[in-house]
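This report refers to the structure that appears directly beneath it.
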């Protein structure tokens, strides 16, 4: 009942979710840190811009992204000038779309977690020979752990379920840009409810297990910190 | 000066402005003393490089750490300092052991001196090593914070009321260690404390701060012997003596000390004969008599000359005495002064309770 | 109504209102969604599907009024290549693979996609191209792929090209015999509370006035006898 | 160019976003509080269940919701037994769908913010005559302010842009369940790009202003707390 | 007992177990004293109702607050207590003013006593009212925390080292206020402190804690006069006297006090003649003489009888004296004891430096 296209879609989905989450964290962590510590007048502006993609329907966002990614568009033009080929209908394009759309879910929890860290704890680390970078990895990130986990799960889950943008800029090409969410959607649209149920159940169980494990681990950590 | 910590800071902090200039000798312990809110913590933060705003100059033994005119600023993590924060500031996500080792791990091998075990023993925190800071009592946190700073193998140790939450028992164990630390390893210590008694025990140098400014600074003995400073009014005012151990009396558990002005008998000091020790005599522990008294429990009765007298509020006065060239302070009531008709130049006897000598 | 018919429907609505006094409220989504909604009790009266399969299914499930099903229009597929200068030229480009990206609707979910696939099969190009085509969820997305320049050639609906007033030199209307006819059928839902009005509208669709609009929009007229 | 349907959609959207955000906060705040303080073994389970709707494509989630909301479904059946009418294709149904789908964006930031509050601060409030409820409003919520703002903006923005679920269970009925996102989508679908651009621009500007104001206010607050 | 705080707690805390039973009289100040980590904070938390686990019983003046056997537990916010936390715990989102008024606003009108202005003046925090806690120095935070607890109009005041970060100047202003508070408003105060000097100044009752257990408890004067407890070894050991003001000497700024055992002359006490005051004489400030000495600055020389003697380490000993029925302690060296050949029953003179009397 599950066809090879479905398996290919699963594979594309996992790759997309992993790569996007990784990129989201790589870009979101420094951005959130800057936002949490900055006193710049531009901070609220940038916070707003990050949250803005959220308010557009994904398909519409996808539509505008499609315009931007096209060879005459803002991003696509730049990409081609850099020697790239097309961006729309490629895996790379998908990643760009997912990252843009999921960014607020990653940046905001991280920013809150970073803001909550007492400046003096970082000063203590500095007096103990930790350079700012060292301090970031040995103090800031561990202290921001709950925020980091929220950011990762929201980013990951949202990329898994993301659909409107991906459908629009991905072009649903099997093995390349067809992700699981689209495959399920196709099954629903073409009245193949049985397959849709099966894939959905699979996705749900898989996600359930991952999320459950993450939350379990996080829980024990919180308890240890609580003290009395 | 090459063997000093020279500084000049002019920094605004809200309504408050820190405006200090001074020099601190790098050999020994310097105490920062002043009322709550006078700027002690702020100054310590400047030494650590935690405040950057405003006009600043700081150099340690000729090595520049901060010079806002030249645009030079050495960040805290490159200064090799130990900082005991007034409020602990342990890392909440690390166990006590990892808190202690935080700086240790980041110290180059050849700069390491003390070991974890040594510090753990000194601070009596062995049972706490596997706990998180949230599971410690107030005093336990403070001890871990001290240990963390010591294990950073600092070139300069900055301590902001490190003993405030500690009982006398623990203080009595830690203070001598700090004394040895600056003595042996030659690590200058800057020590904020409200407790003049504690200060007098370990400090060599005193910086009096008032409203963000250095009001007076100098060697502790001079500062304590000055009758014009507010500390003279303090319960803990007194004089310092540098002495040498002459003899031990094992029977009575006493030690005899010699100094330029004579000899003193004090409680047993666990050091070999010939060692130099510094003792302190509280002004309030010195009483005066015109004649040599009869049999009494007071062991030390020394002939002195009155040199100076200053009355200060509430019927009390401070009498400065000369003990063979060394100043000694006595606090008496104005009534006693009238009774005895004390005047500068008079030859009298100072009675010092030996047990009141503090090491 | 299926999304791709909603614009034409909007042209028909005022005429129908003038003629009958009934007001139309249009709810557009993909045929698959509408079908799922109808099965779960959507409060619709008439269902204009973009295919025949779903109306037939509704009829079999007894959710539509027996005998109400009719083919209101037959869609026409076109291959659009912006910047092209003639139909022959466009066909050649397709056969030679002279394009970067070909767009079409998803054959699994959209009737126009199915027709595009069948046409490519007829031209013996399907095996070569099937993995390289960008597929829109529906014909609307296929159009957007081309319109935004991300695909330089693509199968779209003639109605869209007409609506956007695209120069006829830029597209090639795919001959009807290349694929099964794109029968767009409508049914009256048995749950409807306004069956009289619904019937009136289906009758209106068959009038000459309506037929003109349908044809101008790019549809062929349905085989009324069916 | 903007038709009456568009205005109706705008109105529905605003109502939906406001009501959903309100409900999200009303339900999310106690839930997040419980999650932050509980040591129950069920906590990770519930955390997982809340995050789970995220991983499904919205339309597919909408499909399952449709099944659940229908008179024979789980929720719809219950609703009818309680004397309600239909849920699917009603505004109420939309609200249910939006709330479910946006819940993780509201609960997770709140939970992090609540967890970060030192238990002893609450104890201090208790010794100062504040009942647990009083303490919650006078201490917990103000201290959780950044998390609260993140939760509200993510929830609000996501409801504005939400689309797949709404389209599926709402049925795109003008004036009743057609929201702005669907209206824009329709315009794009029907090649009315001009209208789509106009509506999108309007939505973006409106959201930009709201978000910017919120972030500006939040920013000054953070600065005040920072001290040195 | 109806006029006491009766308690019994048996609570596990990690490796540590609090296992205490006792009674604290509700009139006056009770000090909790013990080494760092002995369980002082834990016990205070039990009084406040912040710990619930384990076996617990607590009643104030006959009113039950906690009885785990009956399943009764009165939550903290219904106890009308004031709690000064060891670590401040100000509300970071509220200005100092709102921190101070937090409990005040929640107190029923008829229970309110002190006013904001009064407390602000006492604690010297007027310039801080509009600041946030992050903008305060360590001592300033502590003062605000004290004010917040006072303005809660408590029936029971629990203070966990409230003065640890305060200088003597501020302490000297706050301590008498606390004394008056329990005196006038009859608010029992439970006071954790490491500083026996501070304890002796304000406490009436002492609870010695060791390893989570109450090791000894009783009126402060009895506890300080006991030679078998570890506090006797402390620098601050001494005796307490309840006296009455007999006369003021405005010339010399002195006050004459009378008590059962005789009279004492001390520094000026700003209270009317006839008032009762309690004074304390440190053992280390008392010296002994066999004969009445000649002219000396010591104003108080009183005839006493030796009653008991206890040697304790390092060559020192504590001599318990009888002063007209009242116990007085003197710390001398063992050598002095040998020199004077002191024995119980001997009639000698105790010399007390008047300025060493502490109020």
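Labels A, B, C, D and E are assigned to the chains in the order they are written; within every chain, residues are numbered from 1.
In this text, a residue touches a chain if its C-beta (ideal position, glycine included) is under 8 Å from a C-beta of that chain, and two chains touch if they have at least 3 such contacts.
Bear in mind that the values here come from a model prediction, so they are computed numbers and not experimental data.
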Mutual neighbours - chains that touch subunit A and subunit C alike: D
Distance-maximising chain from subunit D - centres being C-alpha averages: B
Most remote chain, CA-based centroid, reference being subunit E: C
Chains linked by the largest number of contacting C-beta pairs: B-E
Centre distance in Å when subunit B and subunit D are each reduced to the mean of their C-alpha atoms: 60
Averaged-CA centre spacing for the pair subunit E and subunit C, given as whole angstrom: 91
Averaged-CA centre spacing for the pair subunit D and subunit C, given as whole angstrom: 36
Subunit A and subunit D: spacing of chain centres that average the CA atoms, whole Å: 19
Multi-partner residues of subunit B (at least 2 other chains): 87, 135
Overlap residues in subunit D, where contacts from two or more other chains coincide: 59, 63, 188, 226-228
Residues of subunit C engaged with two or more neighbouring chains: 33, 36, 144
Footprint of subunit D on subunit A - complex, ascending: 39, 43-45, 47-48, 51-52, 54-61, 63-64, 104-105, 108-109, 111-113, 115-116, 119, 146-147, 150, 153-154, 157-158, 160-164, 181-182, 184-185, 188, 196, 200, 203-204, 207-208, 211-212, 215-216, 218-219, 222-223, 226-228
Subunit C to subunit D touching residues, read off their complex: 3-4, 6-7, 25-29, 33, 36-37, 40-44, 138, 140, 143-144, 147, 160, 163-164
Residues of subunit E that touch subunit D when the two form their complex: 48-50, 75-77, 79-83, 85, 87, 89-94, 102-103, 106-107, 132-135, 148-149, 152, 158
Subunit B residues within the subunit E interface of the complex: 14-15, 34-37, 41, 86-87, 127, 131, 135, 137-140, 142-143, 160-161, 164-170, 194, 196, 234-235, 249, 251-254, 265, 267-268, 284-285, 287-291, 293-299, 314-316, 330-340, 351, 353-356
Contact footprint of subunit C on subunit D as seen in their complex: 59, 63, 66-67, 69-71, 73, 86, 88-89, 167-168, 171-174, 178, 186, 188-192
